[in-house]
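Scroll down for the structure; my scribbles are underneath it.
So that you can tell them apart, the chains are marked A, B, C, D and E in the order they are listed, and the count of residues begins at 1 in each.
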Amino acid sequence: GAVLDGIKAKGFVQCGVNTGLPGFSAANAEGKWEGIDVDVCRGIAAALLGDANKVQYTPLTAAQRFTALQSGEIDILSRNTTATLTRDVKLGLTFLGINYYDGQGFLIPKALGVSSATELDGATVCVEPGTTTELNLADYFRAKGMSFEPVVIENINEATAAFFSGRCDVYTTDASGLASIRTTMAPNPDDYVILPEIISKEPLGPAVAQGDEQWADIGRWALAAMIEAEEYGVTSANVDEMKSSTNPGIQRLLGVSPGMGEALGLDEEWAYRIIKQVGNYGESYEKNVTAKLGVERGLNALWTDGGLQYAWPVR
Amino acid sequence: MITVSKANKWYGNFHVLKDIDLHVRKGERIVICGPSGSGKSTLIRTLNRLETYQSGEITVDGILLGDDVKNIEAVRREVCMVFQHFNLFPHMTVLENLTLAPIWVRKMPKKEAIDLAMHYLQRVRIAEQAHKFPGQLSGGQQQRVAIARSLCMQPKIMLFDEPTSALDPEMVKEVLDVMVELAKEGMTMLCVTHEMGFAKEVADRVVFMDAGEIVEMAGPQEFFANPKSERTKLFLSQILSH
Amino acid sequence: MADNAKLPPLPTGTFSARAVAWSKKNLFDGWFNTLLTLGSIAFLVWLIPPLVNWAIVNATLEPTIEGCAEVTGACWGFVNANLRLILFGTYPFEEQWRPLLAMIVLMGIICFSLGGVKYPSFRKAIIPMWVIGVPIIAILMWGGMLGLTYVQNSYWGGLPLTLILSAIGIIFAFPLGLLLALGRQSTMPAIKTISVVYIEVIRGVPLITVLFMASVMFPLFLPDGVTIDKLLRAQIGIILFTAAYLAEVFRGGLQAVPRGQFEAGDSLGLSYWQSMRLIILPQALRLVIPPTVNSFISMLKDTTLVVIIGLFDFLGTVKLALRSDPAWTKYYVEGYAFASAIFFLICFSMAKYSAYLEKELRKGEQR
Amino acid sequence: MSKTQNAPGGVRSKTVVDYLNDENVRAILYQIIAIGLVILAGWYLVSNTLVNLERQNISTGYGFLDLEASFEISESMVQYSAQSSYATALLVGLLNTVKVSLLGIILCTIIGTIFGIARLSSNWIVRKLATVYVETFRNIPVLLQLFFWYAVIPNAFPHPRDAFEPLPGVLLTSRGMYMPVPVADNAYTLMGIAAIIAIVAIFFIKKWAKKRQDETGQPFPMFLVGTGIFVGLVFLAYLIGGAPTDMDMPELKGFNIRGGYNISPEFLAVLIGLTVYTSTYVAEVVRSGIQAVPNGQWEAADSLGIKRSVALRKVILPQSMRVAIPPLTNQYLNLTKNSSLAVAVGYPDLVSVSNTTMNQTGQAIEAISIFMSIYLGLSLLTSLFMNWFNKKMALVER
Amino acid sequence: MITVSKANKWYGNFHVLKDIDLHVRKGERIVICGPSGSGKSTLIRTLNRLETYQSGEITVDGILLGDDVKNIEAVRREVCMVFQHFNLFPHMTVLENLTLAPIWVRKMPKKEAIDLAMHYLQRVRIAEQAHKFPGQLSGGQQQRVAIARSLCMQPKIMLFDEPTSALDPEMVKEVLDVMVELAKEGMTMLCVTHEMGFAKEVADRVVFMDAGEIVEMAGPQEFFANPKSERTKLFLSQILSH
């Protein structure tokens, strides 16, 4: 398709990322982009172009992200975006899979003595705008017949500062964010608790524009390969040894037994390069989410460990 | 009425008024002339304390003009000035221009102030313009309003700083006519002007200034007929030749 | 004249006597002034010591999170640790000498141009300087030739980006604004209407709506497959926006040139464009230099709004640094204070310079 | 023009070149070209947009305005909940924008005038402080200042539970300021009617007083009498209405303070930020307005013996007002436009609400077109009002 | 040289020029006078197409002055105008002011233009000021530069619109002297002025305008000695009395 040809011609993947969300995509002190969303793009570049560094990043705000994809300014949007029906159908996107299962939760000061979200009637809630978070919040309180007062702040710096200064009783965002806010930004983390209720499903994943099926396929399977590699225990460290593994699944994945690459229009080493250069899903998660945010795998554990990460088989 | 003795004034290091000595008697009419930049304006502005002076002594109507605020106010009540560019208040009607000072300075009731104003407007022959704004009047009319405004303060002395030089030639006459009338009624006047016809007609004395000094001072006949100093002769030849 | 010239009398008295006289005149002249003076002093006493304590006495420069956790004052360590990220954004780390050099070149040209107003001998060189300087800056920033690696402009950021956005903004808005100003003065109704509508519409909406439009809507205006990158779109938005404001500045300048100058040109037989180029514009433009510098300052301040559309100008990179590690996030006050200080330095010195220029030009008129 | 174009030598018909040399013909040609270019560009953009929208399956039209917004807005001057439509949500945003702009305009005018005059003060320290104020807040981007105020305000006051109560019923907390409001009662309607009657009465008395003064020169203590009538009538209505004393007092209930009237920290931050920033510009406008009045006006007043304070009031300020109005208008417009930055500190203004709408519906063009035209409308209204005011103040010229 | 027949001009509804008929022969010197607002400036500005006219016909040096751009350019090459306020270009030196039009309109080489300019500067006796800026000159000198600038275009006709009325009294003479010289050399001149001495000395005809009409047109002796119309008499009495 057109997008794929374009990428091959220019020699890099143009990847739309968040303007700064630690663990997902944020610049480090040297100005390099890092995060679990960034790794998706890196994986795709490794598979398609042979080099995980052949990615250029376009930081996008929530408002810009879909237009950027529709206009072709970026090839792929990997920006902690919740997959929904409207976005899939009305905005003309194709979601490639889920690289992070999240859900919306609440963070509150212990001193309030609240142990369940059902006791939050009348609370003031800090929330970031323009995302599904704001809608879920309204839905939840409406469903429970409770009222609340929102404080909607565009920027995470201002929003969390407002929460910790007592402007709000409750801070709500995706659970991954809550944990990191509590551990790294609270004056004293022990004064705050995350309530047990998760009020929404937030399947986050990369998306491309409709119209280039081949490009969508490559992205979809690059993500799947990372997850499947973890299932098989293939890591960036042992991927070379694993080439001699007798497991037919691993042999298919790493191109020892050919066919998969050809089917995708790639060479047979495509998945090998992803794992070698980027690592498997678990490694990426460990390096970015656990290390930066201190968030455990939870829903994002492999299905075999009781989580939801269940890759479509590469076969 | 006015006594200036050994008055000196500097702008920074520039010596604008040099040892000025001048006595003006009540009812006297003095015309001051001289080349541009010679300090004419500065001199008469000093008499009204629009400018300070640094040494010497000026008394007006027996009041010493110094830093004393009360004295300054007293002098200003007696001395009124008419400017080259009229300086009417553009946001007020002619009548309001005229009544402002009587009401706020003389604390006159409004009605009385209006009567007074109308009286002087008639005297300068523009009573019918009382409710217009200055911007709607011609230059000559504006200058006559400015004169009337000064008269409304019923001053003992009037100062004029080139009252006709910003006017079109046709309008000069109407303003000069008003000034001649005033002079004939015995008002004490100091007038900076180049209208030599006016000087000949009404001046008691003509003062010629150059470079901050009073170079020559004489009755008009003598001044025009046989000027003493070279500088005066040169100036008169320039100004009268066309 | 020299023989009888005297010097003005000098003020007399000792230093302290003069100081007392001065403060009597300037501080305690009447009960109202005395009250104001005392109130002001009380305010200063209330404000300054805590501020100094926070910013200097109790502050630390140590570039670690642990170091900052120990002090009660400002954590300048945040700025120290992330200085290069704040200054240059996501520009590749090893290549950051390039934006630094580009920034120096740009500042040099700007200072030179501003100096040209004062020293006429510089003037002829201003346009050549820009003509040579802008490509040099472009080569430094983008690379891709002369052995420099290519750097996509989505990686540009920080102070160089702020300066480039505003400087390029002014340069391109200049001719456009001039055309609009001439259009607005035109006697041809259609051309006048087009100019007036453009100017008034743009001036009637906030810059961020123009930026939103440039970043979100503009791609929809282009045919399929043609894309203009985000930075360029923002730059175009800024240019279009600034042009409308500059047009009004120029209109002021054109109106300040007396009608007689047009008539003199006409009566000498010069054509419209000749009169414009030789007579009207040289005078009008000289008059509008100070307001143009002021527009430049406003634009410099306004480029901060591009953070709202996800570009990392100088304020954007401060935010980026705050998020580079969640542990830094709580030091946003220090980050903003640093950004404020830098902006203040740049804007204030330019504003002073423009005020100085205004005075100089007024002197020139009186000559 | 009806002149014939005959050359003096005799009659000759006009050639095409003659036409092209005619000033009027040339002007029309230029204009046709300009209009053509504009139409062409417009058509190109619109057709591209239509094709793009079609291709990408993006829905168009303003139908979404009737849909349920399903997000909450923290402060609203009209009835609003998540079930309300997008149109209502946008209205809420618009009203919030108008509220903060209007208040900002009033406050920045007052503060700016004070600082403008302070910069001309004869008191050295006041003059310097005013200069520092103006230079500092003028040279820092307004967005940064908004961030600053929003960081300061919630931190400066205690949690609602330990609210600071400077006056009974007035609470200062990290969630803003709470004030008591009277509970609705018929007496208040009655008081409103009384106020209107009082104003009408004062109007007529003033007319009468002016006439009397013109005739007899006697002044009438209008201010005292007017205030007396107003206060008296309104108080009388209050007593007749039964002197209700019930107040809706703010008090802590559950998480929050309930009741009373709340001014939120977001609103305060935006208001203070915009006011402070704009007041520095207003101060400069006021200062240069005063300085723009020719020195001759001061001199004329001086030479008439008028006191400086009277001269300032009667002669100088009315004139400087005239100079100051156009730049003031610009500052008012700037303030209104800058209120769009409120989105950065969570005040639900028009842009903030439109942003959310745009994100949820994906209809960027419609959302942007709505808020752009609203801002244009607001700007036009402000300009029209100020032009009218300017005309009123303009000097009458020949 | 100039033929104006039945020319009419309106500003909106205001009829400024009413059926003007005027023939000027080569070498003739015409002085136009009349009260303020009578349309004098408008008339001579129309001859140079600084103003349009709505009916009637004006031909200058055989060229019909209409909307044709080529004709306008041709006329402007032959007719030069000197303004009340000089209208020198303040950002250029005197020499640049003078060479501008020869270089850009006559396409003259720069060196030649400078020679020409110096020639005329000598003629108005200020060659030594060639490298100064207009702002550094006195009013009289500026007006002489303005005249020299016009002369550099070597026009067949010169128009003057109150060339001395913005000057200080001392400077009027130096400008009038230059104009008298020009007149004696045979230049075709139309001059709006109130300098009646000048009119008497050089004018071939004096034109008196009032309210947009030419009221009287006569040789100077006759015009001043026995004006026919009442309006002329009134005007002359005003202008000569002081």
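Here, a residue touches a chain if its C-beta (ideal position, glycine included) is under 8 Å from a C-beta of that chain, and two chains touch if they have at least 3 such contacts.
In UniProt terms the chains read B, E = Glutamine ABC transporter ATP-binding protein; C, D = Amino acid ABC transporter permease.
These numbers were taken from a predicted model, which means no experiment stands behind them.
Novice: Starting at chain A, figure out the least number of steps needed to reach chain E through touching chains.
Specialist: Minimal hop count between chain A and chain E: 2.
Novice: If you take the mean of the Cα atoms for each chain, which one ends up farthest from chain B?
Specialist: A
Novice: How many degrees of rotation map chain B onto its copy chain E on CA atoms, rounded to the nearest 5?
Specialist: Rotation angle between the two copies comes out at 175 degrees.
Novice: When you average C-alpha coordinates per chain, which one falls nearest the overall C-alpha average? Tell me, please.
Specialist: Going by the distance between chain centres and the overall C-alpha centre, it is C.
Novice: Just the number, please: Cα centre separation of chain B and chain C in whole Å.
Specialist: Distance between chain centres, rounded to whole Å: 50 Å.
Novice: Between chain A and chain D, what is the separation of their C-alpha centroids in Å?
Specialist: The separation of the two C-alpha centroids amounts to 44 Å.
Novice: Would you mind pulling out the distance in Å between where the CA atoms of chain B average out and where those of chain E do?
Specialist: About 36 Å separates the centre of chain B from that of chain E.
Novice: Residues of chain A touching 2+ other chains?
Specialist: 63, 67, 70-71, 154-155, 158, 161
Novice: Provide the list of chain C residues touching at least two other chains, using ranges where the numbers run on.
Specialist: Only 212, 216-217, 219-220, 222, 224, 308, 332 qualify.
Novice: Within the complex, which stretch of chain C touches chain E?
Specialist: Chain C reaches chain E through residues 258, 260-261, 263-264, 266-271, 274, 278-279, 282-283, 286, 365-367.
Novice: Can you list the chain C residues touching chain A in their complex?
Specialist: 81-82, 84-85, 88-93, 152, 154-155, 157, 212, 215-217, 219-220, 222, 224-225, 227, 229-230, 308-312, 316, 319-327, 329-330, 332
Novice: Under the touch definition given earlier, write down the residues of chain B that touch chain D in their complex.
Specialist: That would be residues 48-50, 73, 76-77, 79-81, 83, 85, 87-91, 100-101, 104-105, 109-112, 132-133, 135-138, 149-150, 153, 159 of chain B.
Novice: Given the complex with chain E, which residues does chain D contribute to the contact?
Specialist: Touch residues, chain D against chain E: 1-3, 5-8, 18, 21-24, 26.
Novice: For the complex, give me every residue of chain B touching chain E.
Specialist: The contact residues of chain B facing chain E are 35-36, 138, 168-170, 172-173, 176, 194-195, 197-198, 235, 238-239, 241-242.
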